[in-house]
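Chain nomenclature is as follows: A, B, C and D, assigned in order of appearance, with residue numbering initiated at 1 for each chain independently.
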Amino acid sequence: MRTEFILEAIEAVNNALLNSEAELESLDREIGDGDHFINLKRGCAALLAMHDELAPLPPADALQRIGMKLLSTIGGASGPLFATFFTTLAKVEKAGNISSLTEIAAAFSASVEAIKQRGKAGAGEKTMLDTLIPVAETFGRLTAANAAPVEIFDAIQQAAEAGMLSTRDMIATKGRAAFLGERAIGHIDPGARSSQIIIHTIADLAKQQIG
Amino acid sequence: MRTEFILEAIEAVNNALLNSEAELESLDREIGDGDHFINLKRGCAALLAMHDELAPLPPADALQRIGMKLLSTIGGASGPLFATFFTTLAKVEKAGNISSLTEIAAAFSASVEAIKQRGKAGAGEKTMLDTLIPVAETFGRLTAANAAPVEIFDAIQQAAEAGMLSTRDMIATKGRAAFLGERAIGHIDPGARSSQIIIHTIADLAKQQIG
Amino acid sequence: MKKFINNVDDILIESLSGFAAAHADIVSLNLEPHFLTRKQKAENKVAIISGGGSGHEPLHSGYIGYGMLDAACPGHVFTSPSPDQMLAAAEAVHAGKGVLFIVKNYAGDVMNFEMAAEMLPFENATVLTSDDVAVENSTYTTGRRGVAGTVIVEKVVGSLAETGADLAACKALGDKVNSRTASMGVALTSCTVPAAGRPTFDIGDTELEMGVGIHGEPGRRREAMRNADAIVADLVAAILEDLKPTPGSESEVLLLVNGFAATPLMELYLLYNSASKLLQAHGLVISRSLVGNYTTALDMAGASITVTLLDDEIRQHWDSPVHTAALRWQC
Amino acid sequence: MKKFINNVDDILIESLSGFAAAHADIVSLNLEPHFLTRKQKAENKVAIISGGGSGHEPLHSGYIGYGMLDAACPGHVFTSPSPDQMLAAAEAVHAGKGVLFIVKNYAGDVMNFEMAAEMLPFENATVLTSDDVAVENSTYTTGRRGVAGTVIVEKVVGSLAETGADLAACKALGDKVNSRTASMGVALTSCTVPAAGRPTFDIGDTELEMGVGIHGEPGRRREAMRNADAIVADLVAAILEDLKPTPGSESEVLLLVNGFAATPLMELYLLYNSASKLLQAHGLVISRSLVGNYTTALDMAGASITVTLLDDEIRQHWDSPVHTAALRWQC
């Protein structure tokens, strides 16, 4: 992990999310309470404002501060989940530098696992996990198979997209949409979509840096 | 005065007012609080329901009961004013039967005078008085001149209409519209219009009974 | 029009019945004629009676109880009650020391209460409230409208009456509070009179009605929607222009931010924040506050600001115990 | 969207500042992290802390004070507050007997409070409120939403804590009240989240949303608008089906008719009238009542009905003195 890459990723993700304002807002209006975009925007803005504070830090410390900042700025359901993701990533990085793609895949997987525990949720419950779990699985499988980096990132993007789209036909059993029963069917989960945008953006960035 | 005529007039006025629902409602919405039609409708309904109670009474008693009933059912600004009109009419009738047109004109004039006192208002203040005062004046003048009844009633109807229309260009200095200042200009006063409808209807009825 | 009603004609009676049932420990309801009184009749005090058209809840029924009103007469929606109601209410609560009517200054209310006063077999007096500075006084003989400041008059006079003060003293204090109280309101939407079934006025998505009355009467002017601070600045300026507190005198004031019904508390507190800063900047000390829906206009979105110049007497009677459905403290 | 705001980003802080200024005798406001506490720190009692997204005022800040909450943590509009707020609030009000969090059952609130609880250096427990019967429990592991019944839990538990009861007893009473409380709501209009700037859902002029949540979440079903009695009959039926009071037992209940913000008191009392008749017909005795805007949903028009099965303990703690901005009696 490099702090510089983390900072670049934050900026890229912020731009990507801002470009999806209308869509994210309407997804959360349809089966939630309409604030998912605003929550993420607030989180991103807080991270951007931390740029100079984060830049000199080792990646583990940067990730930990990012997690705590997201915890105190996003709020809602997604705040603790994103925070848990980053503080777990920080813990793994602290335990021993994450550098190879295999290590990154394992750290990602551990962080997604932490989200599952925090939210007491798993696959198929119509949440961000339906994006994240297939990504973790694909990432782990292809790094284990020693696939080429570009191939891995392409596959991750496809897995994220397929996972996100799969939420459309689900009944939610976690999060706010769980209160809707059958009425949630036909709507993509806002958290699944925002996670897919984030993954897609970071994978693009990674591909650029390789290429 | 004949109680029978009073009862017929109530029915005719009720029908005429019901036919002007939309117009009266919108006039009071524009420069008042929108309830003038409803107030009058409630008053009329109460009088119609009293039919059997009123029918056997001498006209003075009928008029007195009508006044008291209107007082307790119309409410608002128009309630006490209509009530005052009828209780004054009852007092005059009680003092000595009103029978000739000259006597009716004098009784009408006394009752309009009582409205002026109750409401501390006069001509040109954009109220029902702008209909009623010219009617009283015309009625008195033509009966004094011994004009033919039909001519008198025609003239009354014209005076009522002209008076009502004259409120359009007035600033109100009494009633709810007084709070509007200049903004009341361009709108006919709802009470002036309802009084004009009532006068017009009763004059028609009188003409029918003559003809 | 979407409202929780069964039948337009039954809305008043069903709502009054619900009110009386929910507050059966405080009030009793009489029907035909309609009036509400305290559950326990007060003894040996001036009977304080108010009333007016319905649709302004909790005004006036919500202010019946110890330390405030003895009775209230609800008219139909936005329609003055009639003298038979006031006479019956006075009969029920009169306790040997006369009756004080507190009446908002509208032609209908004034005339109906006047007729009741003329017929009343007891000593009586009337306080006319006229706190709405949206109506510039000079040109119109009718005077100003009574709006949310009426609540303050009712609280303060109600407290004095509880001490056994006589009718003249109660009337004098009511007039004093009224003369030291100024209000102005603003609407973002119209209200809809149930029997009319459509909004009283049309207003665009980017307009506001400055100086609106509590019946949806048009105000001073129609304007483009602006931010809260700018709106409040206009309301406060009109109020201060009227009250003319001695500059820099550190005068104590009561600040009431009143919702017309459909404006959330979150926004009312934001308005309070804005208004309180302006008043302080003007050298005033806000020593008492009230924020909420105290004088409403059916389902209108909007709010009014009311300022009362306090003195020791008014502050003391504001603070004294009150136990009504809508205002309760110290007991 | 027409709202009284200056800047969408400042709405929370300006509103909180107004609230704290208007109720400076009762509460203190801390900023960054945002939380409110009682003005006078309570001693030797379990600290009762609640919180949740803003937009439900007076929930929760309006319930801070003697006999109810020690602190409240307001999140952004409809967004759970974050653990740093709860930790700082707990630090400020902890008085040696542990901390009880009262949390409405939403994923965000639950997770944020859970993380706070994990980090908290004091003994603590949590009562999750889940009174909304619009959500049929069985199929969804998430359980039901916490809505207006939360006010009743906060009042009753707050009263017990005032007696010096320990954390376990407070938690047990909170869970008991929650299990004996059922609510259901209906919306006539959507709310508009300020930052979103447009209504959360579209609803026609002749439609209602039955079982709506307090964030404008869709409910059980979209229906044609009906009269008040018919709507109330459905709400009460769902509530009774859940509470299953012993028929004919003359069980005592508390009936809360809660407005979502934009529904006038006149209509709320009409709903109360309708609901109280149905409950009585079911053999229940309504011995306590509350009618008003106690748990709102920004600017939504609509209302919810809440019924709590009382027992001596709950009734006693409901009746005990309380002094907060939004609920006050006996003191």
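Going forward, a contact is a pair of C-beta atoms (placed from the backbone, for glycine too) under 8 Å apart; a residue touches a chain by one contact, two chains touch by 3 or more.
Predicted model, so just to flag it, every value in this text is computed and none were measured.
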For chain A and chain B, the touch-path distance in steps comes out at 3
Averaging over Cα atoms per chain, report the distance between chain C and chain D in Å.
29
Chain centres from averaged Cα atoms put chain A and chain D apart, in whole Å, by 32
Taking the mean of the C-alpha atoms as each chain's centre, how many Å separate chain A from chain C?
54
Where chain B touches two or more other chains, by residue:
none
What topology does the chain touch graph have (line, ring, star, complete, other)?
line
Pairwise chain contacts under the document criterion
A-D, B-C, C-D
Using the touch rule from the top, collect the residues of chain B that touch chain C in their complex.
25, 29, 31-35, 38-39, 42, 71-81, 83, 118-119, 172-176, 178-181, 183
Sort out for me which residues of chain D touch chain A in the complex.
33, 53, 75-85, 106-108, 111-112, 114-115, 134-136, 139-142, 145, 193, 195-196, 200-201, 213, 215-218
Please output the residues of chain D touching chain C within their complex, sorted ascending.
2-7, 11, 14-19, 21-23, 54-55, 57-58, 62, 188-189, 205-206, 208, 225, 227-229, 231, 255, 257, 261-274, 276, 286, 289-291, 293, 296, 298-299, 301, 303, 328-331
